[in-house]
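Paired with subunit B in one complex and with subunit C in the other, subunit A is shared by the two complexes that follow.
And then the complex of A and B:
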């Protein structure tokens, strides 16, 4: 059994010659480690290099530079089969002329298993994925969600599968069924203690699926951590906005005496914040989560005034969009709070909740 | 401008797609038609637009019967789920296109003003010279919305316009659409399977279920008084928890009992309850693993799954075979399989008749009312 993977050691480790004529690298200088039995996600916008990285891990692509290690052993030169990696793609890949049972048996037949052993193993997988009802249905009659389950089942059927890589596996699935399938994936991952790496551009999918998330941007790792770490300690403004709902408020400001000036409104600057902002040239980007923005319905000393533009009821809470001059911020308040669009509100950014960024890098904490 | 549907029915190969739908849309309304795929939302939109004609019933605009009048002769703009733009036109020309084919000839200056102000509203100013293929999915759909807005139609119809956008963009556009549409005259009808879209944006909501309009009214009112189990379950996020329970009377006291631990005192509502079996509905966010003053009801449950959703964590629980969800409004990690205590607020239950599935009462209803 493989136990952990490490990818990348040296600078600039993959370069597809045809796609990037200007000698640019699709992904550069990545060092990531995935632990055995963990649920991981690779999250990032289209074109950030996440599929490239996935294909490097599986062995479908060879890196220009650097190494892929499984349990410390260099597997860079090995094929996907030799690495015992199963991959599930955006579109279900199955044999249309066979039924579900035959599809799942196929890899084991190729490996020369005895019929009785195949039967037992396939039944296990069918039970695991709750496919008893469709076991003898032909692929042509299945929904996309069930077909994708079969693709996954075929990846799991070999008992020595070291890892399952999933590349946007829910793209073609009806939204209602996406939840079910994702939940099933998660349960299977827990039950079998499998290492899974799930690629997606959707933060929602990544956060619900994975314990460990690697956010990528422009071929580089933006941050790695648990959902909570990414949420409460974003390494840069991109993560702050991308993770969490609504995303973090990000506001440019400048230090003027004892105040932070946001061009339209000011707030008093606490001593530690003052020092940090002064230390980076007197201007910064301030980040604060909507749930951390305090709101008052009557004027308070040093709380700047805002106009309530929009109230969005989200069921469990309300999202307020507040405006001062050309500056807009969001605040998240309890669902039972009574608010009226157009009203005046006063806000405070609690000092301990404020994050400070300079040139896209966190400079506090 | 007002639109009225009167007893509209629609058949498809003998199968009813819409069953006796009646509703009234007034000037300034932002109506969402909420329902699953196949509930009849698109059919209803097409009838409203005049693309499809009903088998029974009438459509009145300002009291005038327009049932047989096709879409071209009505003042309507449509936005679809797919981003439909002219691929060889710039974003500017795409937005200008409805103005160039209208009955009233506008001068280039008038067109330019309208295009630029609409583009500014939708944050498209910087991409006006680009072709649709050069802009993002969100900008493509904004262009389609700008085209609908610039036409200045009495009715704008949107069929799942945010469906093909990712979560972050949907979040952003919801707020923008609400602001945009609240400023204009006429009416908006917006079909969506997402309960949050309806709750966050709309002034009115209509819930369609298997071709029937089960409930129609002011958004807040439908949300806080779902007429039946189907509305309660669908028009909530996460899905409203439903607990089967029995009515038990002991002396002057009256309880709805789901399990030994799970008993809700409904003595004040006794005169409304004359059946044996009910369903207790409660929103996932009225449940918590953290005790607080008003969370008086305690039950023990096993944690099956915890999922981070946005800035919240949904936990899936089982209590004596009853499965339910609690929404924690922060990101927390839980160990799967552990026993937890769940705290509920007794005055936040909806009581549905198990047989008729109708809402009977709410535990927040006080005896004095």
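And then the complex of A and C:
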């Protein structure tokens, strides 16, 4: 069995009435599929429409146009409950007059289950989430992390839950427990083969949680792929810059004879790059990841000279900011390399690592 | 002096002492004397208190007061919540309903009393006229049933908006996600209200109930202006009872009544606060 969510194909897909008074749409033209039992992330900067899209999928919002399909069946008109979707919100949402056990049994009671069946099912979920010790504690006495587990548990307690949607669920949880809870989420996802869609603006969370990541920007889908694909093959400069730490170096350049001119320094252009740049009118945006930028401490032929502006020591590696003319690039080097700010360095962009973009679209590879 | 903060509190403490503590102690002092205006005070110990607890007029005033205050809570709290729940949640409707609800709260107590006196006045008021159409002969000045009911309806009119405003503020402060979660969990409208809205309004309602209890327990202006405590003693609430005693120059006895009155308000309010702040909190810790 596999199911998918497909969302509209027309321009102007979702438009909340109150929030967008003009003709703008929060989420536009998109078509996206999530497969059954997969761990997915929806990644994008704040305000890009992730939460709106999520609420459309869960049924809390009705799209202006377009459809949400579930196993090929149109569920656009159904309520969240009828879609069998669970949602975990940014901050813990629990029923504070109930204890953990009562919270977990609430959806089942609403579904009219028999008491004995509820008891057995809730105990299963409590065991799954390892909450035995706090099962009869009141909400006021739980940590935010435990409350978030309760809201996750309420989502899982229905055996026919089709998908769990998580809207930045770790925002209010302290870093140490974040790690723990994310691991638990991943474990539950694998164990129950659940479809999870995890919304976040934190690329680290997305990359560590999901098998499949959809990056959104300004209400549109920028790229969908595995973490490796997004990192090594960004479809546009936005992905290049958004994924990776630090983000990809993006430099405007123009082809002058056999050289690429960056307006401060030049590098010799390899044949295949030359063909591609020439093919799009002789100017383009060149992208290279900081970890791919090669750095030499002595002059080398055809390696342009840079001045080292700043060194950021990140523990496992160092991030160098280099300047030539008005152009700045970042480079990532091993932590043990000795460098001093203000020194001269020489760099090379290995041609196999270079990505070429024209008008925000990748044109090589 | 180690803790200089106390220095800065002194002006406030002096003000409180002059305004509240010293006058109250004077009253405590009076209550131990047989004290008529113009006569020499005579120390009688607890005699005033002893008389008070045996005074049938005090018993009936206290009983009437309790019934009134409880009725106020029983009607005004649910009604206020219901009004808040029915109010528009956004747009111009919010402003309009807030202004309309706020209006009665702006009117001073005695003015409210006079308005209602005009409403209910025999021959000219709208209330007796309308009720007469339905065959009911209403007379606030003569009927021991109509009089307290009128005071009660007047109080509901005057103060339910306060509960509605508090409840509305409390409801507005509940994040949408809680309602969305309840929707996903398949909760009915009633269950959503019972398990999401009501628990989240606990603090606001505690304040509302305390305010309404203490205020209604001290009601004075409305019965004074509408009925003057009558007919008979049917609207003689505790406050009016105390005032009558003071008016009759039996100051020692009035002092004793005041002290007992104060203690009742304090104790009952404290009990309310304790109970309300526990509701829904530690339910699962048994």
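Methods note: the second predicted complex is superposed on the first by the 360 of 365 C-alpha atoms of A that agree within 3 Å, B and C clash if a C-alpha of one lies under 4 Å from a C-alpha of the other, contacts with A are read in each partner's own complex, and residues count from 1 in each chain.
Convention: a contact is a pair of C-beta atoms (placed from the backbone, for glycine too) under 8 Å apart; a residue touches a chain by one contact, two chains touch by 3 or more.
This one's a predicted model, so the numbers in the text were calculated from it and none came from an experiment.
Trainee: Which term applies to subunit B and subunit C once both are placed on subunit A by superposition, clash or fit?
Mentor: fit
Trainee: Report for A:245: first if it touches subunit B alone, second if subunit C alone, otherwise both or neither.
Mentor: In the superposition, A:245 contacts subunit B only.
Trainee: Which partner does A:326 contact after superposing on A: first (subunit B), second (subunit C), both, neither?
Mentor: In the superposition, A:326 touches no partner, neither subunit B nor subunit C.
Trainee: Spot which of subunit B and subunit C makes contact with more residues of subunit A, would you?
Mentor: B
Trainee: With the two complexes superposed on chain A, say which partner A:160 touches: subunit B (first), subunit C (second), both, or neither.
Mentor: A:160 contacts neither subunit B nor subunit C.
Trainee: In the combined three-chain superposition, what is the angle centred on subunit A between subunit B and subunit C, taking C-alpha centres, to the nearest 10 degrees?
Mentor: 80
Trainee: Quick check for you: in the superposed arrangement, does A:298 touch first (subunit B), second (subunit C), both or neither?
Mentor: After superposition on chain A, A:298 lies in contact with neither partner.
Trainee: After the superposition on A, what does A:99 contact: first (subunit B), second (subunit C), both or neither?
Mentor: second
Trainee: Looking at A:335 after the superposition, I want to know if it touches subunit B, subunit C, both of them or none. Which is it: first, second, both, neither?
Mentor: Touch status of A:335: first partner only.
Trainee: Considering only the touch criterion stated at the top, classify A:208 as touching first (subunit B), second (subunit C), both, or neither.
Mentor: first
Trainee: Just subunit B (first), just subunit C (second), both, or neither: which does A:227 touch?
Mentor: After superposition on chain A, A:227 lies in contact with subunit B alone.
Trainee: Taking the superposition as given, does A:271 touch the first partner, subunit B, the second, subunit C, both, or neither?
Mentor: Neither partner.
Trainee: I want to verify one number: the closest Cα approach of subunit B to subunit C after the superposition, in Å.
Mentor: Nearest C-alpha atoms of the two chains are 13 Å apart.
Trainee: Please name which positions on subunit A make contact with subunit B in the complex.
Mentor: That would be residues 174-176, 183, 186-187, 190, 201-204, 207-208, 211, 226-228, 231-232, 241-242, 244-247, 289, 291, 309-310, 312-317, 319, 321, 332, 335, 341 of subunit A.
Trainee: Subunit A touches which residues of subunit B in the complex?
Mentor: Within the complex, subunit B touches subunit A at residues 36-37, 163, 166-168, 171, 174-175, 178-179, 182, 193, 195-196, 199-201, 219-220, 223, 236-237, 283-285, 305, 307-312, 327, 329, 331-333, 336.
Trainee: Residues of subunit A touching subunit C in their complex?
Mentor: It comes out as residues 18, 55, 58, 60, 79-81, 85-87, 89-91, 93, 95-99, 102, 106-107, 110-111, 136-138, 140, 151, 154-155.
Trainee: Write out the stretch or stretches of subunit C touching subunit A in their complex.
Mentor: Going through subunit C, the ones touching subunit A are 90, 175, 177-178, 180-181, 183-188, 191, 195-196, 198-200, 280-285.
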